[in-house]
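Look for subunit A in each of the two complexes below; its partner is subunit B in the first and subunit C in the second.
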Partner chain A sequence: MRRELIELRILPPLAIGRLGSSPDPMDNYDLVIRDPVGPRQIEPAETLRVDRKTGSVSRFTPKAPLRFKDRHGVRPVAPFLEVWARLKGESKLRPLTVELLRAAGLKPDSVSWRVQVANLKIFRRTAVEADKIATDIRPFSDHKVHRLSGRCRNFLPRKTVSLGSVQYILPSRTLPEIRFRFTPAGGKVYGLDPADNVYDSSKGTWQGQYSEPQDNTQGPAKGRLLTQPFQTFAGENKGGDKDSKLVSAGYIDDECDGFVEVEIRNRTGPMVRAFARIASGPPAFAPDSMPVRTVGDELEQAMFGPRVNGRVTVKELREVVEIVRRAMETACLMNAAQLNAGSLQPGSGMARHDTKDWHRALEPMFEPSVAETVAIASRHQRVLLGVESGSLVWFANALRDFDQVADLSTEGRRKMPGLMRGSDGMHLALTRRQVDKIRKVAAAGVRLMSDRR
Partner chain B sequence: MRKSISPQNLTAQLQYRAAGNPPSTLPGAAVSNACPGLEMDFRNVWKRILVGIVLHETTNVVVGVEEDAPAPLYVLPTLYQLMKVEGEPVTATVTGPLIAGGPNVPIPNTSSDSVTNLEWSNALADVLYRYSGKEVVCEFQTIDPPLATLKFNLRVRHFFEKVLLPGGKKATQAVISRDIAEAGALTQSLCSPWQNDYRVCACFYWAATRPDYVNVELGEDGASVGNNWMQKDRTPESAKVYVVDDLQDQRLLTYGDLFREWEKALRFVIGNQDAE
Partner chain C sequence: MSARLTRHLQWRPPGGFGLHLDVYKAPRERAAYLLRIAAAVEHSIMVQYLFAAWSLGGPHLKDPKQIALAREWQTTILDVAREEMGHLATVENMLTLIGGVPSFARGDYPAVSNLYPFAFALEPLTKRSLARYIMAEMPSEALLKEHGLSDRIGKIAGLLRVRKNERQAHRVGILYDEIVNLFTAPPVSSVAGSKAGSYIASADIQAGSLNYQVRPGEWKLRYDDLLIRTASNREQAIQALQNISDQGEGTGLTPLNQSHFGRFLQIYHAFPDEGDWQPARKLAKNPTTDPDDGKASLIRNREAGIWAHLFNLHYKMLLMFLTHSFAIEAPAGQKENSPRALLITWTFGEMYHLRSIAEILMTLPLGDHSGNAAGPPFEMPVSLALAAREPDRWRLHRDLIGASQNYVERLENTRSGKKHASYLQGLRQVNAKALQQAITLVGA
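Moving on to the complex of A and B:
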């Protein structure tokens, strides 16, 4: 009996590519914790190698140590996307394979892909529609490389910006899953030299005309629309001390984000479709470390709310230990003494922002003797080692709540995470869900430790 | 590769690592204290969270209305700011000492205002959780005098994509809804080009992936010594002296170095040490 596909998903739902100009994408690896307070170990993992000419794929495990650069440049991180499907009469999603397609009377070329990505950085500043850089790869089912050539109405004739490429991977007997790959661009900056300029400054204002003043008080019409922080583009300061403006140099990069869509028409049933998001950003230059507050934490909060409902378990304990570890990894790579300085010099941290933005008295946030990278890293290590003896209680009590970010008192600025800036420009708070989870796990300490044992 | 996932297990889908993908492809590897950010400026997902209006990604200013918005909303852009949603404030008063050792008092910004907006992700977390798809009371206030307030009932947009399954049942997918952010919206407010952010704004707040202090070891006095990641021409023999960020200091990478040669100039760091 012929089966029917009734639901599709693309996993992961949000995949991050990382720029690099090497033709050989980065190998796969695992981050393994061998020492509870030491750095994560980068261990080679099964990698999928794609023949870009044919779209065919094979697997291999690279040898250690992995190389993040080669003679061409940085190796881009090019994520795969997998299609998962649910069949009529089944309750679970499973990887869509050639066999599953066959059961539904379909073939790999029954699968159709569409990709829409854009770079709206210029548009975000100028608000001119003709400054949008975008591409829309119309439905295809072949296994060729499709280049994401970003087009823009304000570009010179026939000029485009490469935003990367995509490819529908040819399934095989050994790797029969339906998968797709996004390879981000090389990290090129356009407009540095006349030869690689793409922007037509006779049509648009981005090159040499668009400007932002040194402050954001431009009146209601414009100042309130600027990005915050403002002047977040390459340019040259022009004008005097009082009317200095940053005039755009007109540079354009090749980052982007957008959608990958998959669509399959059942032989006799309905059309099923799904989409995922892709984005490209710079490499993770310390690949064995993870940030303390991540897009993953935001998505979890958006999905499940600011509180952890019900009784916390060993699962939440593990997640909290991971948050403390991420805090430690961040602290290890920050010059705490410098970031604690009560100084208006560039290179200082939140104390400078507090005074420049809010006229707070200029002074270090912590006693200089405690704001020391090695000492702070050690304190986090002690929390990690002492989880079983209740060290999380100290950590939980030190956390800043989301509505305390505006408390610039001495005590307020010493809350955790310390010395860091949040997305509102104030002192960083973790997500409410992270804070709630840490506090609940700390409170349930003894019970959880015995559960873990 | 897992053999199966329940469609309702959204956690497993959000965190799913596809075969062959390194950990740096995951949302859990991307910074979200975006100011403006590295991989994406996550603040952009909140701009269209209230159906009818467009919010600034950072501030609480209304910057636009959606195409089919009711006429009364057209008064809001650039003149009004959002103050409360369903009674929950989205601002806070900034307090601290004006002089060292002084009392904690409301302190002003450059516009003589002591109020700051709270970041959307935390400020709206409970509203999103409780009222997704439902109407909420939104309170707006003029930015400039004279003070005036307005209230509108606006619907909270679904954050995650809803799909209609055969048979008419709706399912939530683990992907950020299409209506929340168009293609290009997540990266639109990042620095242009992105390399600019590595130099311009003293952004040491993403150290886990954009390192600041590397090759760190204990100095003779018990304090740490090490290098600024942006320091040029360093070798294992280089003195462990942290060069403080300064655009004029020739020992540090320049904008030109970053725009033209970032792949060569920026080094991968493993276990806090230069790995190349």
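Moving on to the complex of A and C:
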């Protein structure tokens, strides 16, 4: 009897690639903790290798040590998207394979893909529709490489920006799952070299565009231009102290984000479809460490709420150890002295922002004599080791609450995480759920340690 | 140590509270002597409070309400202990201000100090030990009367068999009153008539010492109640000393219920009586590694003994790092790889290590058939003296860290070491990094 597909999903629903100009995408790896207070170890893991000409795929395990760059440049992180399906009469999703398609009377070429991605960075500043860089790859079912050529009405004639490529992977007997791959662009910046220029400044205003220090809402769509922080583009400060403005150098990069859509028409039943989000970001220059607050933390809070309900267990203790480890890893990467400096020089940290944004008295955040990277990293290492034995109280008490991000008092600015800026432009706080988890684990302290043993 | 430190100190007879010193007639030297005693007092009570706070809780508590109460009291007493650290730092700053040598010495136990109505003791928290803490932090008789607390304190004193005249004589605050007197200059109009040499001369109060003093920003991040004061003149010094006294006794701006005295009193009233449930673990009183100390509880269990030695070693490291940090001038402005910052960081780290090792010690048997667990011994090192040359100071740190590595190695093969393998592995790594830094600084 022919089966009917009633639901599709693309997993992961959000895939983030990383730019890189090498034709050989980055190998897969795991991060393993061998030293309780040391960096994570990068361990090679099984990787899928794609033949870009045919779309066929094979698996292999790379040898250590992994290379993040080769002679062509940085190796891009090119995520795979997998299609999962639910058949009529079944309650669970399972990977969509050639066999499952066959059961529904379908073949791999019954699967059709569409990709829409864009780079709206210029549009975000100018609010001019003609500044949108976008591409729309119409439905396809073949296994060729489809280039994502970003087009823009304000580009020079026949000029495009490569936003990467996509490919429908040819399923095989050993790897029969329906997969799709997004390979981000090379990480190029256009406009630095006139020969590479793509933007037509006779049509668009991006080169020379500026935002007023006191009013960044000017433009055709007032309010659209408000960004926090403002002036986050490459340019040059022009004018005096009072009328200084950042004038855009006209640079354009090749990052993008958008949607991948999959669609299958059942032979007799309805059409089923699903979509996922893809995005590209810069390469990971510290791949063996994790930020103290991640998208994962946001999603966990969105799914489970800002509070950890019920009695905390060893599971939460492990998660808290992980957060403290991430705090340590973040601190190790910071130029603490520079970020702590009470300076108005661009490139200095929150002290500068507090003064420029809120007219706070300019002074370093922490006592300069102790705010240096080696000392701060050492201190975090010892805190992490302390957590191993239930000493978390200090860390828990030092945390900044979500509603204290604008506390610019000396004590307020010294709360943890220190020296970092949140997406709202204020001092960074952990998510409410992270803070609640840490405090509850700190309160449970010794009990949890004896449970763990 | 204790007797040596306090042998020149006598209490005046009952009725005339105050201190009598048979030597140290010069005000500056007299103040330095009293500040050294104040430092020893703050250090001693901080250690006792830490021991008491760490003793609370543990697997023997099953009732969630009792667990919550033990946790709450532990937090309160740890806060008080941290504030005592702040007092200690402030006292050291005042010593530095008048050209004294910072002192982190304190009396070991069991030593009856004539500053207290009770002997210094490391013991799990009981109603009786709480009573001692209340007596140590107690404000003046007048303030007790004003708050209607005289009878209650009388009963608590009765529990400890402290007579009324002794109660006032042994207040910690009286020590600070005396030091404040030495810092206080008479009004200008009466200077001519005042007894020469009754107060510290202005020339002996050195603003230039400020860069050698502990700065609040270096040590405190979050604790608003952590009083770390610096001073560059007479008025600031007096204010700092009064603040310490206030925080302990609640005599000034600190409300009585938020003072150390008030917080201990609140715990005392809620604390279970003897024979009722006990919030503290069954720990040895005055645990020690010294087999010749007949009055303390010798840790006989072999593994517990090694952990106890490791604890003592890290306690020494903490004190040496701290002492050394006072000998280095704070850099002007931002400075990468500052030895002072490193020492302060290491000192913080040692606080964590002590807490962690204490926690492990409290799970190991004393080994004397009493059924008591061991505990952190807090034994004072023989000497806290710093070498005259900077590289030699780092040589000492290098050797201490190396000694810690040896203990870690020994512990890794024991049963308790395997249970805490992750901690030992982490300690080994932290030590290894610190060792590299120390070796670099020896060369520098």
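Just so it is clear, the second predicted complex is superposed on the first by the 404 of 453 C-alpha atoms of A that agree within 3 Å, B and C clash if a C-alpha of one lies under 4 Å from a C-alpha of the other, contacts with A are read in each partner's own complex, and residues count from 1 in each chain.
Following the convention adopted for this analysis, contacts are C-beta pairs under 8 Å (C-beta built on N, C-alpha and C of every residue); 3 or more make two chains touch, one makes a residue touch a chain.
Because the structure is predicted, anything quoted here is derived from the model rather than measured.
Asker: Which of the two partners, first being subunit B and second being subunit C, lies in contact with A:337: first, second, both, or neither?
Answerer: both
Asker: Is A:55 contacted by the first partner subunit B, the second partner subunit C, both or neither?
Answerer: A:55 contacts neither subunit B nor subunit C.
Asker: In the three-chain superposition, say which chain, subunit B or subunit C, touches more residues of subunit A.
Answerer: B
Asker: Pick one for A:176: touches subunit B only (first), subunit C only (second), both, or neither.
Answerer: Once the two structures are laid over each other on A, A:176 reaches no partner at all.
Asker: Tell me the contact category for A:370 with respect to subunit B and subunit C: first, second, both or neither.
Answerer: The answer is second: A:370 touches subunit C but not subunit B.
Asker: Which holds for A:414: it touches subunit B only (first), subunit C only (second), both, or neither?
Answerer: Second partner only.
Asker: If we overlay the two complexes on their shared chain A, which of subunit B and subunit C does A:383 touch? Say first, second, both or neither.
Answerer: The answer is second: A:383 touches subunit C but not subunit B.
Asker: Considering only touches as defined above, state whether A:36 meets subunit B (first), subunit C (second), both or neither.
Answerer: After superposition on chain A, A:36 lies in contact with subunit C alone.
Asker: List the residues of subunit A that touch subunit B in one complex and subunit C in the other.
Answerer: In subunit A, residues 337, 372-374, 410 are touched by subunit B and also by subunit C.
Asker: What residues on subunit C touch subunit A, complex-wise?
Answerer: 57-59, 67, 71, 75, 78, 215-218, 221-224, 330-331, 333-338, 340-342, 344-346, 348-349, 352-353, 355-357, 359-360, 363, 419-420, 422-423, 425-427, 429-430, 433-434, 437
Asker: Residue numbers of subunit A touching subunit C in their complex, please.
Answerer: Per the touch definition, subunit A meets subunit C at residues 35-38, 337, 340-341, 364, 366-376, 378-379, 381-386, 388-391, 393-394, 397-398, 410-411, 414-416, 443, 445-447, 449-450, 453.
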